[in-house]
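We call the chains A, B, C and D, going by the order they appear; numbering starts again at 1 in every chain.
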Amino acid sequence: MRDTGEYMTRVGVVGATGYAGAELVRILSGHPDVELTILTSRQYAGIRFDEIYPSMAGSVKLTCSRFSIDVLCDMADIVFMALPHKLPMAFVPDLVRQGKKVIDLSADFRFKDASIYESVYQPHTAKDFIERAVYGLCEIYHDKIKNAGLIGNPGCYPTSVLLPLVPLLNNNFLNINTIIADSKSGASGAGRSTSLATHFCEVNESVRAYKVAAHRHGPEIEEVLTRESGEPVKITFVPHLVPMTRGMQTTIYADLIKNVGPEEILDCLSLFYSDSPFVRIRSNDFPPDTSHVRGTNYCDIGFKIDKRNNRLILMSAIDNLVKGAAGQAVQNMNIMLGLDETAGIFNVPFPV
Amino acid sequence: MRDTGEYMTRVGVVGATGYAGAELVRILSGHPDVELTILTSRQYAGIRFDEIYPSMAGSVKLTCSRFSIDVLCDMADIVFMALPHKLPMAFVPDLVRQGKKVIDLSADFRFKDASIYESVYQPHTAKDFIERAVYGLCEIYHDKIKNAGLIGNPGCYPTSVLLPLVPLLNNNFLNINTIIADSKSGASGAGRSTSLATHFCEVNESVRAYKVAAHRHGPEIEEVLTRESGEPVKITFVPHLVPMTRGMQTTIYADLIKNVGPEEILDCLSLFYSDSPFVRIRSNDFPPDTSHVRGTNYCDIGFKIDKRNNRLILMSAIDNLVKGAAGQAVQNMNIMLGLDETAGIFNVPFPV
Amino acid sequence: MRDTGEYMTRVGVVGATGYAGAELVRILSGHPDVELTILTSRQYAGIRFDEIYPSMAGSVKLTCSRFSIDVLCDMADIVFMALPHKLPMAFVPDLVRQGKKVIDLSADFRFKDASIYESVYQPHTAKDFIERAVYGLCEIYHDKIKNAGLIGNPGCYPTSVLLPLVPLLNNNFLNINTIIADSKSGASGAGRSTSLATHFCEVNESVRAYKVAAHRHGPEIEEVLTRESGEPVKITFVPHLVPMTRGMQTTIYADLIKNVGPEEILDCLSLFYSDSPFVRIRSNDFPPDTSHVRGTNYCDIGFKIDKRNNRLILMSAIDNLVKGAAGQAVQNMNIMLGLDETAGIFNVPFPV
Amino acid sequence: MRDTGEYMTRVGVVGATGYAGAELVRILSGHPDVELTILTSRQYAGIRFDEIYPSMAGSVKLTCSRFSIDVLCDMADIVFMALPHKLPMAFVPDLVRQGKKVIDLSADFRFKDASIYESVYQPHTAKDFIERAVYGLCEIYHDKIKNAGLIGNPGCYPTSVLLPLVPLLNNNFLNINTIIADSKSGASGAGRSTSLATHFCEVNESVRAYKVAAHRHGPEIEEVLTRESGEPVKITFVPHLVPMTRGMQTTIYADLIKNVGPEEILDCLSLFYSDSPFVRIRSNDFPPDTSHVRGTNYCDIGFKIDKRNNRLILMSAIDNLVKGAAGQAVQNMNIMLGLDETAGIFNVPFPV
């Protein structure tokens, strides 16, 4: 509760000290309509959050606590789970049963088809809850999110691939057998855990593909595309690591099946996103640039038709930690609570 | 005027398309208590601001106009000048005479002694106004700023050097003949104008000193230190360029003249800044880090005593475009208008 | 002439102070079998080269001179042209007529079909020489290069796209209507001229596509692919700018028309490049990484079959200034002179 | 043994897979006068070196082996130790006793006074060998190195601080009580081990001091300065971490005790280093820049007198992995073997 007598929704973050968790803490501690009441961390229980993230000294006064369903249920009305895959499915059912709204940033509740989940992750131990969960891609599933009690918050790559594609698939513009997504991600997407792959000297001055056509976000993307197009979609998805901290740029290639011009593409995208405060359709002169969305919840979308091949090139840019994770999670919360969709997640972007 | 009937102070930015100007636009367009009404740009007159800075599409709808005193006076109550040195002194007198409050980000009104200005810049053509101007180092000259009509907004290096030093000088802790400041700045400090020195390939993987003991911010620092200590101070100041966009880290060395311990230093700094929302005194475990203040108006200060030499090491970190330029300028405005000092310039810092 | 009585081939670099020119100077000044005798620069005539590139102090003692055909012909047996497009075609004919071997790094002599050149660049004023010129993609046109007097040195993007593709096209593995190349380049590819697009603050923390399906290297790639496949090939080519100095990573997508497995792809590539000291075929565990080829003349090639779509994913990594420009130019010289192909351009790659 | 019948000195690298070790492998595998015969690695025994460093595929064919004194003695005439501090002192005595020349890159044999070593590291278990060891700062101790059997290879910070200072101390130009060294290092100095401090996202866009006046290289620097000046020297040394991979820039401040001008400083430095191929004295127009020495064994030195304070500002730039570690180690070997001092470690620097 802040300085008024009014009741404020209390929120907790489980796994608050990873990068996605800390980004949630950043956003939620500045959110005008909720109160951040509890942060949990296995590794840092008992330590003040701002000793782990000194940048937030003066903004966040909470101390990390050990995870406990009971304490969490006591302290929070809404729970954000920012844990590695597999852990949430062990705890989420209890939270939901106790009437808590849950927004899970892992993959555990993103899939409708448990067998797909199991083929790329591990056995699912809370299949009953898969059905109740809503895939929290806010601009596409806004109405379902409004009434959801459990959100499977989308992965960063899926967000960057799906937002440009869905409107065009819905309108049957694309040959679904020709979809290729080439993504470039900053290093924060790999999380805060140390590994050689994220050592400064291994990322700096390096661009490389990884998990080529084998990344677990591929099936996540395909399940949504299949649902949206009504036909089984198999895409080719190749992620790349580039030397920056935040940001994800995706270029998507697909054959057009209609003979359409740029105006029709522009209309399709503009209309689809006319009520979406966080999607900006860019003109050809400004292809989406990760630096334009850094630190914001925007998804910028651009496109170009390669006329000679009648192929559509779609481009998107997001901040992987915001629209690709914590920002979208809070956007989901805003929708669930009936708040202004932009509450706490709108800030004027930096010029550089 | 926004959505209420209430009158909002109207502000204009002259030179809005340089990096400092654009950072002013970012902050002012999100400021709750003022209305951004006019942006001027020689180079981009007639062009929408968000075509020059696409990141701000959706946030800033203004079109840049050519500079005109009359139009400016019509449109704005407060004017921020973000022009190269020398230009402001030609226009500021007119604006002040017409009752406008002016915050000038150039060096033109930072010096009390015109001869020092002239020895490092050029002849000063508005000397009468030097006296009226207040040096806008908010934490030090808060009371004078309150009543000022014209602010000489401090340089980025002076801000990073003076905030740690002034409390200790005021308390006579330091041998003023031994002060050395070694600063490291990101490339945005050089502005948006293109030059080989800021070409990506010349900055990346490079650290170098420049204008060694010859930078124009040296005399600016010294004039303030001399005023604060009551004795002529001559420091050795060496700026360095490092491969990052935003941020300035300064390490200052000075011999202690008292036999003091860390508690006394800590007390001196903490007491001095006890009412300053944007200064954070860090413990030894967390030396100031530019990444902790990125995108914020904070100045983080840390210190260490080198006992064997009885020498004090002071460290500071700021974002050169915020506390080192636009943020401090808005902080000055807030103080002048009697607003909350943090209005429009407080945001929870990013975790990374 | 160095310390032996033996005659050494004398080489000159025209346009020595751009990044590609300076990289030529670096390589040639350390080359064991040639003597660097003349450097020309419009902008820096009369200035020592190592004042423009202080890194090379101690290695390069030449002073830049103004361009003059006569002086050049006097001083050099082989001339490297590192000028902007359009300039070389004015001078190259004279040099060739005087018996000089010329390696031109611009686009002027890369095309066999002048009309394609003219559709993307400008009118060609030396069409007679187009026929004599050999496209200097060393691994593909080795035999023609041996006897060439004039080399059109390939662009960086074409090098990174063609080396992986040609062997597979030659073997009819690919559906030529489905070829997509997604390239990521470091900022040195844009050259040393200053522009906002290469300002450190505009490149850092930014990934963006540019000249989407409209880059002039597209037609250069297509002319070669068409020649190699015997059928007109139209690809979709999208370059991206990433925040690093050197390096280019390209991911290529194409449908397989044969039902082939990874062994056949590996065999095809390995066999094709079995005599090529600068091409390394990587296993799936190590996708080509720009950091692995930084500062070297290597082109690393990797691949993965996306079985579900029967689509081949090819990946390459080069240093855009070496294999993508100056290194390949010297490799061409080595072949023309009958030297060891690796002379002066082999160095053990850096670990980081 | 290469292709001639001539005997080549055989060298081994212990701890070959850390960054300093791998840099040794890079240099030694291209060295014309020695043969790299054995690489050891605890972590990667049994694995080909080029699987750990794929950049070196084609250049290095050795497989890492487990450390064994006997095998090492069988295989190598000279042993480079690139292990963490403390380990070498357990093995070096045996190697030396068996007549092997040893160049140790750790701190174990850098100190003449074991008690200083013990006060900053740990108990020393091979004190007898301290006396025999020569501190391998090549330009200063060239003559002793020639006849040495055991080299304590200097730390990166000491190299960057000592090379500029020693000539001036030798000439009694400086007040030894006023020496301050402010160093900025790239992240490779922290080694290849993963840690949060070297995570890309923690280094990128960050500058910070660390181990302020408490770094273990401080006493190493002081022992040499004390020896060279004949009086006890206590300096203030502050290292900083900056966002780049390779490179170290140091700015040193010291009061002049003589009334000297820039010519005398220049003469002093130039004369001292007149026979040193790897030291370049820069003019004031080109302060030492890490990008000018990247990938080379150079140490660039510049200076400026701050006349008003009669204070000398010295600046140096090295590549911390080359002159600051592996390059200097090989330079030591060259001197010990009577080879050309630059053999295998000279390459023309990159323009960018």
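The rule is short, and it goes like this: a residue touches a chain if its C-beta (ideal position, glycine included) is under 8 Å from a C-beta of that chain, and two chains touch if they have at least 3 such contacts.
Owing to the predicted nature of the structure, the values given are computational and were not obtained by experimental measurement.
Engineer: Higher C-beta contact count, C-D or A-C?
Structural biologist: A-C
Engineer: Work out the mean Cα position per chain and let me know which chain is farthest from chain C.
Structural biologist: B
Engineer: What whole-number Å value describes the gap between the mean CA coordinates of chain A and chain C?
Structural biologist: 40
Engineer: Report the inter-centroid distance (CA atoms only) between chain B and chain C in whole Å.
Structural biologist: About 46 Å, centre to centre.
Engineer: Would you mind pulling out the distance in Å between where the CA atoms of chain C average out and where those of chain D do?
Structural biologist: 36
Engineer: By the touch rule stated above, which residues of chain C touch at least two different other chains?
Structural biologist: Residue numbers touching two or more other chains: 19, 188, 201-202, 204-205, 243-246, 289, 291, 294, 352.
Engineer: Spell out the part of chain D that touches chain C in their complex, as residue ranges.
Structural biologist: Listed in rising order, the residues are 19, 22-23, 25-27, 29-30, 53-60, 188, 205, 245-246, 277, 280, 282, 286, 289, 291-295, 298, 321, 347-352.
Engineer: Mind listing the chain A positions that touch chain D in their complex?
Structural biologist: 19, 187-188, 192, 194-196, 198-205, 243-245
Engineer: Residue numbers of chain C touching chain A in their complex, please.
Structural biologist: Touching chain A from chain C are residues 177-178, 180, 182, 184, 186, 201-202, 204-210, 212-214, 234-236, 238, 240, 242-247, 249, 251, 253, 284, 287-291, 294, 302, 304, 306, 308-309, 311, 313, 315, 317, 352.
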